[in-house]
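Heads up, the next two complexes both have chain A, just with different partners, chain B and then chain C.
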Partner chain A sequence: MTVAAGVGYVLIALGPALSLFASVIAKKPFLILTLLSSTLFWLISLIILAGAWRAFLPVKSTELWPYSILILTSVGFQEGIRIGFWRLFKKMEDMLNAFADRVSKPRLFLTDKMLLALAGGLGHGLAHAVFFCLSLLTPAFGPATFYVDKCPSIPFFLISAIIALGFVIIHTFSMVIAFNGYTEGKRKDQIFVPFAHLIAALITLINLVPGGCNIGLPLLCIMAGTTLYYSWQLVWRRLTEHQTTRSSD
Partner chain B sequence: MDDRSADSDPVTAGESSILDTLGEDVIRIVSPVSLCMLLVVLLVSSLSSTNDLSSSISSLFLSSTTTPTSFSSLNLLLLGSDSTWEEIKSALVTAFSFVVVVTLLTFLLVLLFYFRCTNFLRIYMGISSLFVLSFLGGFISLLLISHFKIPIDPFTFAILLFNLSVVGVFAVFMPKFPISVNQGYLVAIGVLTAYWFTMLPEWTTWALLIAMSLYDLAAVLLPIGPLRLLVELAMSRNEEIPALVYEARPVDPQPGDRVRVWRERTDVRIEATENSTNSANVQTVQETRLAVSEEITAPLIEAFPQTGDRHLGTEEEEDGIGLGSSGAIKLGLGDFIFYSVLVGRAAMYDYMTVYACYLAIMAGLGVTLLLLAVYRKALPALPVSIMLGVVFYLLTRVLLEVFVVQCSSNLLMF
Partner chain C sequence: MARVRVFLAVLFLLFTSSPVHGADNGSDSVLESVPDLEKAMYLNLKSYPCVRLLNLLGEIGCSNPGNDKISAPIVRLKSGTISLARPSTVLLQEEQMQDFFLRVSGDMEFSKNVAGVLVEPSETVNMSSGFSPADKFPQSAFAPYSNTSYEWNLPGSGIMWNKYDFPVFLLAEESISTLKEIVGEGNEASPENVAEFDLVMQTTKLGTHDSETCLKDQTCLPLGGYSVWSSLPPINISSTVTKPIVFAVASFDSASFFRDRSLGADSPISGLIALLTAVDALSHVNHLKNLKKQLVFAVLTGEAWGYLGSRKFLQELDLGSDSIRGLSSSMIEQIVEIGSVGQSLGKGGTLFYAHAGGESSGTKVILKALEDASESLGSDNVKVKKASSMNPGIPPSSLMAFLRKNTSASGIVLGDFDSAFSNKFYHSHLDNACKLKIFFFKRKITKKMFFLHFYQVIFCSTTANIKTSSVAAAAALVARALYIIANGDATLDLMALNDIKVNVSLVEELVGCLVTCEPGLSCELVGRYISPSNGDCPSHYVGVFQDTPSASQKPSYVDDTSRFLWNFLADMTSATRDGTDSCTGDCSNVGDVCIGSETEGGGKCVISTTRYVPAYSTRLKYENNIWHVLPANPSDPMESVDPVWTESYWNTIGLRVYKVESPLYDRLVLAGGVFVTFASYLAVVIARTQLAKVVKRD
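Our next item is the complex of A and B:
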């Protein structure tokens, strides 16, 4: 539906990500590099998943169960990879600290570590939006629009843009929660992240039912809001705790 | 809690963390490469509505002196849509002849440099960049004007084209020109040449990319490689090779020692190679090497540790790539061009391949920069990125696309 609509869909999916990028990440070059590498990481995990599932695709049935297995395996794989990503992150942190000692600058602050987690999460979210939404948006720049059978009330591009928006938020902030949870060793945070991801992915299963997207989309946005709130609370708590321990020294 | 000491609060401490400046140099190289790729993708996607035949004709018209491309486009015209095997054969022949021509020309360049015909080389490169900017730039502008129906008269167009090309030639070769204009024009030359290359038929493009990366690997690392000879010649004479190189210097030099280091820089290691994009009449000399400019404290001979001698590294490590103030990364223009050709060709298929190839090329560039930091000698920038790019293109096209389209057309995302 013309260039304006196409650009609009892009901005719906990527608006918060772009503002996060411009305000926080673009200022520190290392965060841009972290973002690029985490995007690549997510792409590689997606390619591995696609390779594993290639033999079974395309799924012709309209039953629910093949798709739910698809979702379960994909989310499980990605959450497992997240732990690997955290290990890489720890190694990088050690290298950065060693480098900081060498050039006699202060070691990584707590805010630095959280910024790194944010950049990593944003990379994942960006990769999700790009591969699941943007790459399919090319027809939207043309003269017409497209409706899926199961969801005749909203154009396909708008649905995928809103879902991508939800997942950008979920990926970005669940990485912050996850890294904090693994660092602190708190079970609650560690369990929350795969749980939230799984629930969000299962919510999109509702879209398979005719007319289901009217329920699925708001639920997904609620899930994204929950993740955002949880991460906000966690970061607030961590920062105030840190402040009090510092001032009590 | 955390056992890391000195988790000081930056606000109260007032110190900056290392995260503020780390990786600056890398970003200064990544941004122009990304910009070049973005412009080529935009050009390709906006101008690709012209069908294959007319673009073959236009490339035929333009490259009337180029044997390889006219051969393959002539082939395409005569035989219509070839069988795949025919296309592969002609692609391999084209790529092979291109590599042979480039090798011969690079040896010629080494010979000329050996006989100190530096002025001849500089004038020649000025003429070739004038050619690229005026002819290729004019041709692509004409395509854009006819596609977007921009109202412009021939005289204005001629004046603008003439002015822009002449300023471009000066920007690229005058030493005192503002660095941002220099960088901008180098990116423009890269975009124009890369777009021209994407007009080749598909199999030819891929064969050419792979052949060039293999050539790059051989020419820089083998002892008889022409590029290695060129580098060693330049080093032994303490001279700069006249070539088109993108230098990732900061646009506004910081006050203090940074400016001093640039002015006093005498021993610059530029590893150069030459790629000829056209045949005998038109040659564009470009570099496809990655190099690091050394501080003046390290004499050039010592800069190549013959026996793995690393003691000079201790004072330079802080100023190495991406870390410090004096190390600026130089990337040859040929690297820009071939990266953009890969991404442009991926854009002709679908945008998903564009993103995947972009990430692959960035990863390859990162790996090359890392190797550069470790080995500290001239390294070929093409092989890793192009190979990763081709692999990711194939994987995306074969595996990823089906998966993602299946999921998102059912509105299933994770």
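Our next item is the complex of A and C:
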């Protein structure tokens, strides 16, 4: 598919991630560290999952339900880990605040905490994109293209890139929603994230059906858009509320 | 989808070392790694190329036009196609080959858009009129008579002697199904299927376009190989030969449009097999020593490319080299050549034709011997007839070289044809043992022959271009005739003559080993003598002469067929030693040879006079690590018409097929990626400013 198409696929999968990184994360070294450690965290969770599932793989069935069980357990585990990640974040926040008090510097602002969540989410999303899309993309730089039997209308690499794009957005903004949800204790936010993740993962199962990718991909993009919108609403509300409370004391 | 599958597979891969077997339902096999993905994207098609050959005047054959691989979209040739819109890979059926290549040579407008050609072998071959890319009178310049426009090969089109500036590949039978999956029936939508050819020829890269220049620049090698001769019984080396010689000859090389697909079943391997069987039959006669004449058998190679084997043999005889020690050209009285003998089944028995050449008193002896032999075979009904006097002379054969060298020589070419070849697939890749067409014999067959036909049908269930019963009949005829000639004018021992019987199962074994791919060279008979180095499928293209010519009888680069023939003939003509020594090279006694030295158990030493004789153009001389083309010897009329064939060096030859997107798609994807990146950047900047406004509201 030539170098042009290869570069195109990389940009589709990682475009928003790169933009976020360049404009938001790159300026603050601590955010870069957060991003890297969350990438590592996510990969470790994958390794543990693979170890747990080793005995049952490969799934030779052509039915979809064994894959749903796999997805259910994996998403469940990762969401559990997310809570653990949040707890760690809370501990780190306390340590940072204590340190700030000692040197008479201001404590973490709300925006800082949200940026940390963003960096964490972006780390997850980046890991997903690299692992599931970029690692397969080398042949895309050559002259040939590839179509999977079950999806003869869209080239394989394009499907891969779009799915990676969807999940980058979902992972990044889920973390923002989740952290806010756990901090504020709001049930609605806390439930939204695991559900969104689960639904998005189950949507990819539609791609296993012949011709399903024509439905699955748009649905995934809608899911990503929903997460983005929800996160924006939440952040906007939170920041305006916070301003109001601050200005009122 | 693939994403989930790949996820699972990659996860699994992280924790297992053994690869997973996928493909339970066949069509969608599990891809486990990026190399697997690449293998699924780029399909290598097993195929046979047509390569670049050069002669003194120019080039023939096929090559990539430059130094790089060529890729072009695959287009099936339909009968009404007037022209090609853009450079394409033309996909042909076998039946379309002849017309296509004739058209390409004549029509520049058409051929400029031919980037490459793929020939798809037909499952039902519908070529009742035959197919032959050779000339109508092959190698006519070597004929000892002047009528060079006579047509021996009626279906001949001559397309293999033209030069093509594009690659041509014949697909193997295994690749047909892959191709059908890929190409379908004329879907020209994006993505297109593209064939990529790697047929870069050294001579094209370096611009050496004829034999002399390419040999000097070392971009090519001369064609050649090793012929084998053997005498029955072995000649005592210390004493010089006093007996006159009866010389029985067959050739064992063929040619075709595609380098690695020259089986030559009927022409000339049927003759080779008949000769080998005759040697086997005669080896059981105990009193050969007492016959008036000495029997010498020779199998020659390179005959399809300027009679290299026979001319070099004759030159060695003149020079008195080591390789022909024990022979002398003046002692050769009669020459019997076995040509194509695989198709002579006619109404009630087999009929062969004796084409006589040279001085008539000698040929009369041979003809009489053949007739007597035919009579002695009685109920087997093997007839021989003198060829029509309307023929201008002998058909294309090694005998032509012998006659042109020495006009007092006399010989006969035995064949299954009279005025024109009965082989409709002369020098084509279709001259093989199994053709995929069901044909029922509607002939009255004698009981013995019925059994043979039946066995043949089980073995191959098709019409073959070579029939074992025909070959067996020829072998019987020749064996008895040679005995009669060697007996000279002494009284003929009729009991001994009638004892000469042909081993029909040997004929079938040899057909299986030399002309088919199953079992091919991995058959038991070949395995007794050599371990084949080039796979199972025998190939009878003479190949290039890779050795440095030397007088050694242990040359380094001898091909599988020549090595088998040397070992086989040595075994058949041997007087075994008492106490078989196991050997791997040399034998303790001078004059002994070690047969089967390559096999696992080692070989055995036997007394035999069997020698390799190099076969390459008499105009070539190897000096200072380079082949030099010498000027033609004026006393040898064949040297001035010798084309001096060479084959270009090549690095790798390959064919692969893959899908490509249109360039518009690639640009769209790039644009899409850039758009997504910039749009998201813009969105982030706008969001940041908005949020900053909210935060700073007080």
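Note that the second predicted complex is superposed on the first by the 249 of 249 C-alpha atoms of A that agree within 3 Å, B and C clash if a C-alpha of one lies under 4 Å from a C-alpha of the other, contacts with A are read in each partner's own complex, and residues count from 1 in each chain.
Keep in mind that, in the parts below, contacts are C-beta pairs under 8 Å (C-beta built on N, C-alpha and C of every residue); 3 or more make two chains touch, one makes a residue touch a chain.
Nothing here was measured: the structure is a model prediction, and the numbers come from that model.
Using the contact criterion defined above for the overlaid structures, shared-chain residue A:Leu40 touches chain B, although it does not reach chain C.
When the shared chain is aligned, no partner comes close enough to touch A:Ser104: not chain B, not chain C. Once chain A of one complex is fitted onto chain A of the other, the partner contacts of A:Val75 are limited to chain B, with no touch recorded for chain C.
Contact with neither chain B nor chain C is seen for A:Ser153 once the two complexes are overlaid on the shared chain.
Of the two partner chains placed by superposition, only chain C is touched by A:Val235; chain B is not.
By the touch criterion stated above, A:Thr204 is placed in contact with chain B and with chain C alike. When the two complexes are overlaid on their common chain A, residue A:His128 makes contact with chain B while staying clear of chain C. Overlap of the chain B and chain C interfaces on chain A comprises residues 46-47, 49-51, 53-54, 57-59, 67, 70, 111, 131-132, 135-136, 138, 148, 150-151, 156, 159-160, 163, 204-205, 207-208, 213, 216, 243, 246. By the touch criterion stated above, chain A contacts chain C in their complex at residues 1-2, 4-5, 7-12, 15-16, 18-20, 22-24, 46-47, 49-51, 53-54, 57-60, 62, 67, 70, 111, 131-132, 135-136, 138-139, 142-151, 155-156, 158-160, 163, 165, 204-205, 207-208, 212-213, 216, 232, 235-236, 239-240, 243, 246-247. Residues of chain C that touch chain A in their complex: 1-12, 14-16, 20, 22, 24-25, 27-28, 30, 34, 37-38, 40-42, 71, 191, 194, 196, 658-661, 663, 665-674, 676-681, 683-685, 687-688, 691, 694-695, 697-698. Residue ranges of chain B in contact with chain A, taken from their complex: 1-2, 4-10, 12-13, 15-24, 26-27, 30, 317-318, 323, 350-352, 355-356, 359-360, 362-363, 366, 392, 395-396, 398-400, 402-414. Contacts from chain A toward chain B in the complex involve residues 27-33, 36-37, 39-40, 43, 46-47, 49-51, 53-54, 57-59, 67, 70-71, 74-75, 78, 96-97, 99-100, 102-103, 105-112, 115-116, 128, 130-138, 148, 150-151, 156, 159-160, 163-164, 167, 183-184, 197, 200-201, 204-205, 207-208, 213, 216, 242-243, 245-246.
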